[in-house]
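First the structure, then my questions, so here it is.
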Amino acid sequence: MTEKIGVYVCHCGTNIAGTVDVEAVSKWAGEKLAHQGVVVSRDYKFMCSSLGQELIQKDIKEFGLTRVVVGACSPHLHEATFRNACKEGGLNPYLCEMVSVREQVSWVHTDKEAATEKAKALIAGGVARVVHNEALEPLRVPIHADTLVVGGGIAGIQAALEIADAGFHVYLVEREPSIGGHMAQFDKTFPTLDCSACILTPKMVQAGSHPNITLLTWSEVTKVDGYVGNFVVSINKKARYIKTEDCTGCGICWEKCPWKVTDEVFEAGMAKRKAVYVPFPQAVPKYPVIDAVNCAYFLKGTCKACEKFCPTNAIDFEQKDETITVQVGNIILATGYDLFDAKRIPQYGYGRLENVYTNLEFERLCNAAGPTGGSIVLHDGKTAPKTVGIVHCVGSRDQNYNAYCSAICCMQSLKFAHLVHERTGAEVYNFYIDMRTPGKGYEEFYQRLLEEGTHFVRGKVAEVTDFARTPEEEGKLIIQVEDTLIGKQRRIPVDMVVLSAGLQPRHDAKEVGKMFGIACSSDGWYIERHPKLDPVATMTEGVFIAGCVQGPKDIPASVAQGAGAAARVLGKIQQKEIALEPVRASINEAQCSGCRICNGLCPFSAILFHEDKMVSEINPALCQGCGTCVAACPAGAISGTCFSNEQILSQIEGLLLLNLDVKEAAAA
Amino acid sequence: MNDKTFEPTIIGFTCNWCSYRAADTAGTARVKYAPNVRLIRLMCSGRLDPTFVFKAFAGGADGVMVTGCHPGDCHYVEQNYKALRRFILMKRVLVQMGIDPARLKLQWASAAEGVQLAAEINKFVEEVRALGPLHWNLDYQEAVSTPAMEEVTA
Amino acid sequence: MAAELSFNQEIANMMYATHGNPISHCLQCGTCSGTCPAADFMDYTPRAIIGMIRENFKDEVLASNTYWSCASCYHCTVRCPAGIDIADMMYALKRYSMWKSRFKEGLIGPDFSEAFVKMIVNSGKSFEPILATTYLPRFSAADMVQEALTATGLVLKGKIPLLPKRIKRLKKFQRMVKRIIPLGELS
Amino acid sequence: MTAKPKFAMYWAASCGGCEIAVLNIHEKILDVDANFDVVFWPVAVDAKYKDVEAMEDGSILLTLFNGGIRNDENEHLAKLLRRKSQILVAFGSCACEGCIPGLANLSPVGDIVHTAFNTLTTDNPHEIYPRASFDVPEGELHIPRLANVLRPLDLVVDVDYYMPGCPPESHQIAAVVDLVVKVVKGEAELPPKGAVIGVGDSTVCDECPRARNVKSITEFKRIQDVAPVDPNLCLLEQGIPCNGPATRSGCNSRCPNAGTQCIGCYGPAEGVLDYGARLIAAFASVIDAKEPEEIERILDGIPDPVGQVYRFNLAGSLLKASAEAWKAK
Amino acid sequence: MKQYAYYPGCSLESLAKPYQLSAKEVSLALGLDLKEIEDWNCCGATAYFPVDELLAYTLVARNLAIAEKTGLTEFVAPCSACFKNAYYTNNYLKKDPDLADHINFALEEDDLHVEGTLKVRHLIEVMLEDVGLEAIKNQVTHPLAGLKIAPYYGCQLLRPRKDHEDVENPQFFEELLSAIGAEPLKYETKTRCCGASLIITNRKAALEMVRLLLKEAIDRGADVIATTCPMCNVNLEVYQSQVNREFGTDYSIPVMYFTQLMGMALGIAPRRLGIAKESVPKAREAVTA
């Protein structure tokens, strides 16, 4: 026997000793397991006390122990304690194994004899296993102090500002020409009805001018390498065709540009913009981009009006896309959401019937800077509606589309009802399934709407049509619905219909997530580490999420998550390095056949395949040690530390008391 | 064991994050259950290698219980589905080998479900008790004996 | 003793091919009733009927005309956000009411369905004039005259044949039917 | 030249293919003859059991033992040859892990006999079965007694080396012969006891030239149901359950090269305890389904899981034989 | 010529004879060989399901079994109700071996066996997918230029949904009508129910349903309503007078099968398309005008 093992069985006062004959167990282990290398076996009142720990340390020195087994409480409670004790005693901490004879034996069983026998088996399992434990060192990874924030909506802006204010550098990458995200498109925000621009613009400006923030708009991340503490990120800065050093944002170019295109992003298709444009007046940064896909010069080779008129010669048609590479320690993804495509529900008439709008279009209609200057009018551009129907849950809570609740539509629909009432005096009908107003001040807002005389019809709208059955319906849009509170089918003629389309994951969320090593739930939102206790972390160390990427939510919650993710990142930066448990899998290259069975199994993309050598390899910094690939490798080429085959198979033998004389063991 | 009721021996595999913690929870709450189950901690139910299960049966276990996080809650995102798939295929093999597939149980348990886990353990112990001893290894030793042709063709 | 089945379970048991259809998932959103072209002619809307089934209002459900007013247009089915096949459930209610002979007085549907099936069992094909005798007497006088006029017009135009068609292997066909339901109950 | 080392080969429960494989090593067979004194090899030389019994213990240098242990004669010879040999090699899949004869471990021995003597193709109206002993003028004849189950060689005697394959590939046999010849000449050393010889150090995929990708299986199919089989793509990715990933390399991926799936004759890879368990884990892991019903449906594509994952290894697996097989008395 | 197992259904032998005539003529002209299956029985329309579910499936399955026996692989029905019944019975049979066993037990009496291997299709589907819009367009000799048509899909051609197709605002009927030179109208109620057998069992409800369909077609200026199902056709056509009587309207609009319209465009004589026998006399003029 090469190993010298010490076994320690804890009384835990009477917690263990009350049900398990601790002395007998310890004595049994000393005798029956001696052939497996047990050289000393003791019992003690409180093993976790300093005296108990010293006992182990003394034995390590005296007996030259090479392995330690502690039969006590759950390892989740004191594994760290005893590993540390071993370390202090000069033994590698991973050569210590804990056996839970309190949570798994004394506390849950009553028959003393049976409990004692089970405790013996568990100790035998622990001893058999510890023989195969390896001396390990935790993986220490330094944390680079810079952070990448992807997505410049309110969540991303908040996160970037928190970190920058704390004195650390942030790269804020935004795909569009300006930061601001969806919030920049709104007129008012519920429930307080603050002007969206008024509260958002200062934050955007701050982010744009912060010395610790490198703002990269019109840019996208193309590649992420590395792991927590040391990510290497490639970012494609799309050609803007503007020399930003020279541009003053005077606006002459877009004034002179003759080429108009419908703005599908910021104006939600409700207005036109020029080929050279800033999405909105308060855009940050202030300089425009030339949309090459729609620019006359790029399409036809002539025009260059902007170039001619630019007072600072800032236009540069020769600019090319540029890839920059940055190094960061942590990443926050805040890429937000897309709006559900209301065309997918043909019976609501969107895209077919004039005067059926989506919620985002309606936001633009309300917005003082929007296409109608903030007046709510029909498609003809002048008539104010006399009746407006607002349809909740469009595409949400519906198994045909998105099964989840989009969380903001009720409140947003109430906001619209109020705006319509306030600005046009029109009769407003809200059609809802359930009214969900769970935020602070939200229910009060609902009460206010009730007082304003809004009609609330409880029922999911069946269809919207312009086929009039009666003269009163002529020329109107008719909303057909069951008023479930009355139990009657109703047809309500209105002038305008607003569809509160739900929130859904970005169309490219899956691919983007993959790049960062994080996964989407079946709904398509990124999966958080824990839905309640760790909503901004992900299963990939060093990658955090904030705002609507994690799931539908309103602005206050998005801001809170932005700040929360920032706090988590700052915590990591302050620690300077992190120690990762050395529970890792690795591949024996000679034995790997390159079958690629394991390649798709790792949720953290830790397994890479070398096409040249036709073998797979595991990146230890990405591996979280779940062991799935270890179990799956048909060639037995993958092994895992802390949970190796030898450890587990031996533990099975130990638990079944196999390498003992079975009868003798039972008699003892 | 002869005159007493048969006490099955059961090996359990638990994942570190949910079901092992469920066992802790049961302990902390002093929930009582049958002492027949001996648990082995894995990081994840995805670590479950069918070798472990066969080894346990071959080594004298009467039942094997595999536990993991509920589908969708896996600490490692979706490795418990891999355990599920292996479990289903293993059962098919056990049937062919003449081992009642009810001797292998898969149970999802969250860290909070100490009471439920205890109840499931009790249920499983009773089910295995009803099936009687498996004693795979012992019977195999006898089985290599060479019967006479007459015994065989009788 | 087995607990008595709830009405919900009884109806689920009547839906063989769709394995019981998850009516317990109903959100009571009213899409079905908002959609239904016959809703105005129903005692309760389809949504209300589902709510009542779930709460075991068996007598009230069976005594309503709702399910016999369903035209099986499946419009509700394709729109239901909970994936419920409401039209199929209406069929199940019809079957249940036929089985238990419990339906609202004065409805034509049950007699019509029964007559239809009998006719097919007897000939293998459907034939309007035979059918008409089962429902015409239930019409109001004015409706009957209308119907008669319509029918005569059709006969004159050669659209309604004067004699019923029969399939060739009628005997075998009837034995086939018998393997599923005893013929005595129908013909 | 008088002191040529002694060589023996024996054939227990097996098909005989291994013997042929040895004869099939072409001119190398001359090396065997040149370097060894073949003292016992029923298929090739005429020597009796009693001749072997008469030999001194340990007097045979090398014995290649093929076939599993199915009856008392097999067992007797295994023990005898162990005693007489310095190096005992479990030769071929049957001796190593049971092979096809080991699949009989799924059935009770009685069923096996019944099947052999009374099937549709064996007309046995009077139900006549062989008897354990029979009187003839020369005396009493005994036929060997069948064991309840078949055992690989190492469950009966101590084995020095393993050489898997059904049969082992000729080039591998030749290489091993070369090695032993070198050892005899003092030019090389023997591998550590217990080693698997005449094999590669990875699995069949390692030698297989087919292209492969990340695997995700939505359907398992029999190869004859796949039309057309892509000749250049990994068969497993085409839904054909190929055992290559788990099977010890060394055969030069003969089967996948020939257009059909590896069935596993070279046994498990180094250090693997249970071959079938490895395949269960591997196949199940790459199934693309999360719902039990869907998983079941996909697995229905492997109608005989034990036959699939234990075709060559059942007798040598952890579970070894079915309950019915050994519980039958 | 591609062959199909053709199941006309009861109404095509009586009320919907014009559909039968025109379907056959047009199919022939377009190179489709509709082989009527022998000794088929009534599929039960909507009237079996209220009585016994298993019987309903069995009656449909008998026709499928007969069709399977012919060795043809596709089962075509011109009636939407027959199509829907056959489609789902076939589907359930395939998915549910237990149901298939029950049905086959009964079918034994008629020496039949059903596997559920057929592809079940509606006639309009076959024309659109197998012939194709281009080929149809190429064969048109008398484009129905200027004819405003309300394309009425009805229910069971579309619903329940078969796969992921659009059942709320499909376009294929419009495309077909455009291909034969006509002008398909926007018709909001095109997928709304015609009342089906409620015309008998709940007359008031059904007449109201028919009224709305007629109203929209007429309001939008349709010359004719096109249908794909005998039940729809009868309800919309034959009951116009009863609608008028009930609601005091004076609707009079021709209702024609899509095959009749196609036949006209292909230059087939109206008589051979059953058009002379139309209940609404204006039909012919409208088309030939």
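Going in written order, the chains are labelled A, B, C, D and E, and every chain counts its residues from 1.
As a convention for this text, a residue touches a chain if its C-beta (ideal position, glycine included) is under 8 Å from a C-beta of that chain, and two chains touch if they have at least 3 such contacts.
Please read all numbers here as calculations on a predicted model, not as lab measurements.
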Residual chain clusters - chain A taken out, nothing else repositioned: B, D | C, E
Co-neighbours of chain D and chain B - touch as defined: A
Intersection of contact partners for chain A and chain D: B
Which of A-B and A-E has more C-beta pairs touching across its chains: A-B
Intercentroid distance (Cα basis), chain E paired with chain B, Å: 59
Computed distance of Cα centres, chain E from chain D, in Å: 65
Length of the line joining the C-alpha centres of chain A and chain C, rounded to whole Å: 51
Cα-centroid distance, chain C relative to chain E, in whole angstrom: 21
Sites on chain D at which at least two other chains make contact: 273, 278, 281, 285
Where chain A touches two or more other chains, by residue: 347, 601, 628, 631-632, 645, 649
Touching two or more other chains - residues of chain E: 168, 212
Chains grouped in pairs wherever the two touch, ordered by label: A-B, A-C, A-D, A-E, B-D, C-E
Chain D residues touching chain A - in the complex, by the definition given at the top: 201-206, 212-216, 234, 236, 244-246, 249, 268-273, 278-279, 281-282, 285-286
Chain E residues within the chain A interface of the complex: 166, 168-169, 188-189, 212, 215-216, 219
Interfacial residue positions of chain B with respect to chain A in the complex: 7, 9, 11, 20-21, 23-24, 26-28, 30-33, 35, 38-44, 46-49, 51-52, 55-56, 59-61, 72, 75-79, 82, 86, 118
Chain A-touching residues of chain C, taken from the complex the two chains share: 27-36, 39-40, 44-45, 47-48, 79, 81-83
List of chain A residues in touch with chain E within their complex: 345-347, 352, 465-469
